[in-house]
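The following pair of complexes shares a single chain, subunit A, combined with subunit B in the former and subunit C in the latter.
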Partner chain A sequence: MSGFLELAISGLMSGLVIGLAALALTLVFGVARFANAATGDFMTIGAYAAVFGFTATGSIVIGGLLGLFIGAVSGVISYFLVFRVLEGRPSVSALLASIGVGFIIRSVLGVIYGHGQQVFQLPLVRPWRYFDVRIQPNDLKIGATALLALLVVFLVLHATPIGRRMRAVADDPMLARVSGIAPRKVMFALWAMSGAVAALAGVLLGIRTVIWPEMGWEMLIPVFAAAVLGGIGHPVGAVLAGVILGVVQEIATPYVGFTYKLALAFIILLVVLLVRPKGLFGRVEGVR
Partner chain B sequence: MNITRRQTLAGLASTMLLPALSGTAFAQAANFRIGALNPITGSGAAYGSGMQKMILAAAEVVNAAGGAAGKKLEVFAEDDQSQPQAAVLAAKKLIDVNKVQSILGTWASGVSLAVAPLTNDANIMLMNTSGAPALSVPPANAKGLLFRFQATNDRFGRAFAEVAKKEGFKRPVTMAFNNASGIGNADGFKKAWEAQGGKVYESIVYEPNQPSYRAELQKALAAKPDVIVMGSYLADTTIILREWFQTGETTKFIMPAWAGNPDLVKALGPEVSEGIIAVDSISNEGSEAFKAYDAAYQKAMGQSGLNNVYAAMTWDMVIVLALAMEAAGPNADVPAIAKKMFEVAGPGGKPVATFAEGKEALKSGKIDYQGASSVLDFDKFGDVTPDFSVSVAEKGKIERKYVVKLSA
Partner chain C sequence: MDAYLIAIAIITAIYVLMALGLNLQYGLTGLVNFGVVGFFCVGAYTTAILSQKGVPQYITFPLAALLAMAFAWPLGLVSIRLREDYFAIVSLGFSEVVRLVATSEGWLTQGVQGIPGIPKMFGTFSGTTQALAVLGLLVVFNLVAIAAMLRIVRSPFGRMIEAIRDNEEAVKALGKDPAGFKIQVLVLGSALTGLAGAAYAHYIGFISPEQFIPLITFQIWMAIIMGGVGRISGALVGAIILMVFLEGSRFLRDVMPFISEVAMASVRLGVVGLALVLFTMYRPQGLMGDFTRK
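Right, the complex of A and B next:
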C-alpha cells in the first residue's frame, strides 16, 4: 500500500510536468488555433537557461526565473519572426513551421552546448518517512512550484484585462476584433505566457532528469495526449489530464510492463475520446 | 548558339555518366581501397578521430612493408556522425563513388546494423566495434562478411556475471534500456549467472526519455536485491541513480563503462556514485602488437593508446585485413579474403605481432596474429573475446581495480 502511494506521488510529479507543458500547448491552440510542435523545445530552452543561471549564481530560484524569462522571450521571438507571418494561412502551415522552429532550437542548443548531458548539481537528499511512505523533499518543492505557476496563469487568464481579452479571442476571434480588441498585443502576451509555462515544465523536468537538446522534443507525445485528453484549448483540462496520465502511467505500469508506458497513455486517450469525443472539458466545435 | 532543352539534358547526363565510367576503370587498379567510416562527430566523437587516424597509420605501416598481396592500401575516410542515417549516406558514397572493398570502424550498433545491408549487397567486408548481438547472425551477417573487434553485449553480460560472483553478490536484479544493446547486456548476464546456478530475482526493461523511473526502481527494489545489473546508457543511468539514492536504499550497481564513466560520477557527485562498479572491454595491454599501436597512437594523438580501446580495434582491423589479403593471394576476391581473416588471426599458427612479421611468416606456414585490441580469435560469427576491466567509483573518482578474462 505504501508503495502504491509512493508511485501515486511520483506520478503526480511527472503529471504536473506533462500538465504544464500541455497547458503551454493548449494556450497557443486556444488562441492561435494550431498545435505548436515547438512546445517541447521551449521546455528545453528553459532548462538550459535555468542551468546556466543556476551555475552562474548558485541559486536555483534565480536560475529558474531566468529560464522562465528566456522561455517567454523565445515564445515572443518565434511569434514575431514566424507565426505572425503565417496568420490567416491554414493551420497546417503554422504546425509545419513550428516543427521547423523546434529543429532550429535543437540544432542551436546542440551547437552551443553539444549533445552531452547536463545536470542541475542540486544536493540529493534521503527521503522523509511518514507512516512508511517515503516523501521526497524535492518533490514537495517541485509540486509547490508547479501549483504556484498554475495559480498565476489562471489568475492572469481570469482576473486581468489581458487575460479577459485572450479568452475573448479564444472564444470568437471575429467577435473579439469587432469589439475593439487589438489582436497583436493579445498574441504577444499569449506567446510570452506559453513560452514561460513551457520553460517552467522544462526546468522541473530538468531538475528531475537530465538536460540535453532533445529532452523536450522527446516529451511531446505525452504532452499532446494530455492536451487532447483535457479537451484541446482548455487550460484546466490540460493540467488535469496531464496529472491523470502521469498517475495512471506510474501506478499501472508495474502490472502491465514498463515498456507500455506510452501505449498506456494512448489507451486512456482512446477510451476517453470514445466516451467523450470532446475530451474531458472541451466543447464540440462547430464548423466555422 | 541555340541549345535546346534536350541537348542540355543530354549534356548533363553525359557529364554525370563520365565519372561513373572512369570510376569502374579505376576500381581495377592495383590499390586495395578501404573505407574508414568512423564516428568523428556525435556520441562517439570522443573515440572517432583516434579510430580514423589509426586506420591511416596502420595502412601506412602495411604500405611501408611493401603492401599486401602486391597491392597498396588506399584509405577513404568519412564521418558517420554516430547516426544511422548519416552513416548510410556516407557508406553509399564510399561504395558507389570510391569503390571501396571493405568498410572499417563503424562504432554505434545502430550504425553497423544500418550499414551492413549495403556492404552485404556490395559483397564487401564490414568491420565494426559495436556490441549488438544481432550483428553476429543473419540477416546482418548473412554472408559471413562482418567482423566485430569489440565484445558482444552478451560477453559483457558474462563479464558482469563473473564480477558479481567475485564480489560475492547473491540477489541480483537486472534493469535494461529497451534496445538491442541494453537487453543484450542484461540477458547475457542472466544466462551466465543462471549457468553458474544463480537466480535473477527480477528483470526489468525500461523505456528511454521518461520523466521518472521510480516505478521501475520500486519494482526492482521490491525484490530486495544486493546488486542491480544495468544494461544502460549515461542519461538514463544518471536519472535512475539519482532517484535510487533518494529512495534511501543502499544497493550496489554493476554497469557497462559507457554508462559508468567519469561523466556519471561528475553528474551524481561522490556520495551517490560511491561503490558503482563499471565494466569495460580493454585492449590486449602488454602485447607486442599493443606496443606498436601505442607508439602510433602517441604520435598521431599525443596521448597514451590506453585512452581509446576502439582505436586499438581499428588498428587491428587494417593489420588483419592486410594479412588475410597476403594469405589469400593477389587474385582473391573479397569473400575469399574474408575466409582468410579467421585463419590469420585464429589459433594454431605461429604467433605474430606486426604486419611485416606476419607477411614473412606466411611464406613458411600458418600464422596467428595476436592483436593490440585482443588476441583476436574470431569465432564462427566473426566475434572476438577481449578481456574486461573492472573499475570502482570511490570518493568521486572511478578507477580500475582488476581485470576479468572470459574463456572464449
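Right, the complex of A and C next:
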C-alpha cells in the first residue's frame, strides 16, 4: 500500500511536469491554432540553460530563472523568425515548421553539449517518512514550484490586461481585431509565456531525471495526450489532464513495465480522440 | 568506385520508394503521415524475422508489404477522421510505439541487439552482378509504383483524392466520404514503405530499433518537400538531394576528421530541420513544383 502511495506521489510530480508542458502546448494551440511540436525542445533548452546557470552560480533558483528566461526568449525568437511568417497558412505548414524548429534546437544543443547526459548536482536528502510512505523533499519543492508557476500563469491570463487580450484572441481572432486588440503584441506575450512555461517543465524534469538533447522530444506524445485529454486550448484542463496522465502512467508501471510508459500515453491519446475528442473540458466546437 | 556508385543508387532507390509512398499520401491526398518510419520498420522486421526462420524472400517481401498495410489499416480506421494535425501526431506516436515494441519484445526482435545476418537478395550471384541485380529489382519496384501512380492520378480515384486534398468540405458536400478514400491511400502508401523496409533490411543485412527513429520520417518529408509536393519527379529529385546530402556529410567528415561523428549527426539533424523550416516558409511547392502556384 505504501508502495502504491509512493508511486502516486511520484506520478503526481511527473504529472505536474507533463501538465506544465501541456499548458505551454495548449496556450499556443488556443491562439495560433497548431500543435507546436517544438514544445518539448523548449523544455530541453530550459533544462540546459538552468544547468548552465546552476553550475555557474551554485543556486538552483538563479539557474531555474535563467532557464525560464532563455525559454521565453526562444519562444519569442521562433515566433518572430518562423511562425509569424506562417500565420494564415494551413496549420500543417506551421506543424511541419515546428518539427523543423525542434530539430534545429536539438542540433544546436547536440553540437554544444554532445549527446551525453547531464544532471543537476543537488545534494542528496534523506526522504521523509510519514506512516511508512517515503517522500522526497525535492519532490515537494518541485510540486510547489509547479503550482506556483500555474498560479502565476492563471493570474496573468485572468487578472491582467494582456491576459484578457490573449483570451479574447483565442476566443475569436477577428472579433478581437475589430475590438482594437493588436494581435502582434498578444502573440509575442503568448510565445514568451509558452516558452517560459515549457522551459520550467524542462527544468523540473531535469531535476527529477537527467538532461540530454532528446529529453523534451521524448515527452511530446504524453504532453500532446495531456493537452488533448484536457480539451485542447483549455489551460486548466491541460494541467489536470497532465496530472491524471502522470499518475496513471506511474501507477501502471509495475503492470505494463517501464518501457511501455510512452505506449500507455499513446493509447490514452487514441482512446480520448475516439471517445471524446473535445477532451474533458473542451468547447462544444468540434475538433473532428 | 563502381561498387560505391551502385550502393548509393540502391539506397537512393529505397528512398525513392518511400518518397513515392509519402507523395501519394501527402502530395496527392493531403494526408499528414508523420509515422513513415513505423511502416518502414514493420516491413524490415517482418522480412528479417521470417528470413531467420528460413522463409524464402519471394514470400517475405510480399508479406512485408502486407503487414505494413495491416498496421496502416487499423491506424487509419481509428484516427483518419481526426483533424489533420491530430492525425500527424498520432501517426508519429504510432511509429514511436512500433520502435518501442521492437526494442522491448526481445523474444521476437532480439531487442536492442538487433537482427544480424539477414540474407542478401539474389544470394546465388556475387560481387557486382549481385549488386546490379538488387538495383534492377528496386528500379522495377519503383517503375511499377510510378506507373501505378500515374494511372491513379488519371483515374476517378485520383481525382477524388486530389479533391480531398484541395477541399475536403466540398467533397463531403458532394456526398462522398473522404475517410474511406484516405484510409485506402494510407494503406497503399504504407505498402510501398513496407516494401522499402524489406529491401533495406536485406540490403544492409542488419537491423536494430535505433535505425528506425523519427528522423528517418522527416528525412523523407524533407525529400518530398524539397523535390516538390504532389509530383512524381519531385519524389525522385528529393530522394536524390537527400542522398547527396547524407553521403556528402560523410565525405565532409573524411575531409575534416576533427568533427566527431556525434557532432556530425547533430549537424545533419539541424540541416533537416532547417530545410523543413525554410521550404515550408519560402517555397512550399518545392524545387520541381508548380512555379505559378503559391
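Here, the second predicted complex is superposed on the first by the 271 of 288 C-alpha atoms of A that agree within 3 Å, B and C clash if a C-alpha of one lies under 4 Å from a C-alpha of the other, contacts with A are read in each partner's own complex, and residues count from 1 in each chain.
Following the convention adopted for this analysis, a contact is a pair of C-beta atoms (placed from the backbone, for glycine too) under 8 Å apart; a residue touches a chain by one contact, two chains touch by 3 or more.
These numbers come from a predicted model, not from an experiment.
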Combined model on subunit A where subunit B meets subunit C, clash or fit: clash
Partner chain in contact with A:168 - subunit B first, subunit C second, else both or neither: neither
A:115 touches, of subunit B and subunit C: first, second, both or neither? both
First, second, both or neither for A:259, with subunit B first and subunit C second: both
Which superposed partner A:73 touches (first subunit B, second subunit C, both, neither): neither
Contacts of A:236 with subunit B and subunit C, given as first, second, both or neither: neither
Which of subunit B and subunit C A:136 touches, first, second, both or neither: first
First, second, both or neither for A:152, with subunit B first and subunit C second: neither
Partner chain(s) touched by A:62 [first = subunit B, second = subunit C, both, neither]: neither
From 25-33, 115-123 or 169-177, the subunit C stretch with C-alpha clashes against subunit B: 115-123
Subunit B and subunit C footprints on subunit A, overlapping residues: 115, 257, 259, 262
Residues on subunit C engaged by subunit A in the complex (per definition of touch): 30, 32, 34, 78-79, 81-86, 88-90, 92-94, 96-97, 100-101, 103-104, 215, 218, 221, 225, 262-263, 265-277, 280-281, 284
Of subunit A, residues touching subunit B in the complex: 3, 6-7, 10-11, 13-14, 17-18, 115-117, 119, 121, 124-127, 134, 136, 138, 205, 208-210, 212, 214-215, 218-219, 246, 250-251, 253-254, 257-259, 261-262
Of subunit B, residues touching subunit A in the complex: 42-43, 178, 204-212, 214-216, 218-219, 222, 234-235, 238-239, 242, 245-248, 263, 267-269, 271-272
Subunit A to subunit C touching residues, read off their complex: 34-35, 37, 82, 85-86, 89, 91-93, 95-97, 99-104, 106-111, 114-115, 213, 220-221, 224, 228, 257, 259-260, 262-263, 265-266, 269-270, 273-274, 277, 287-288
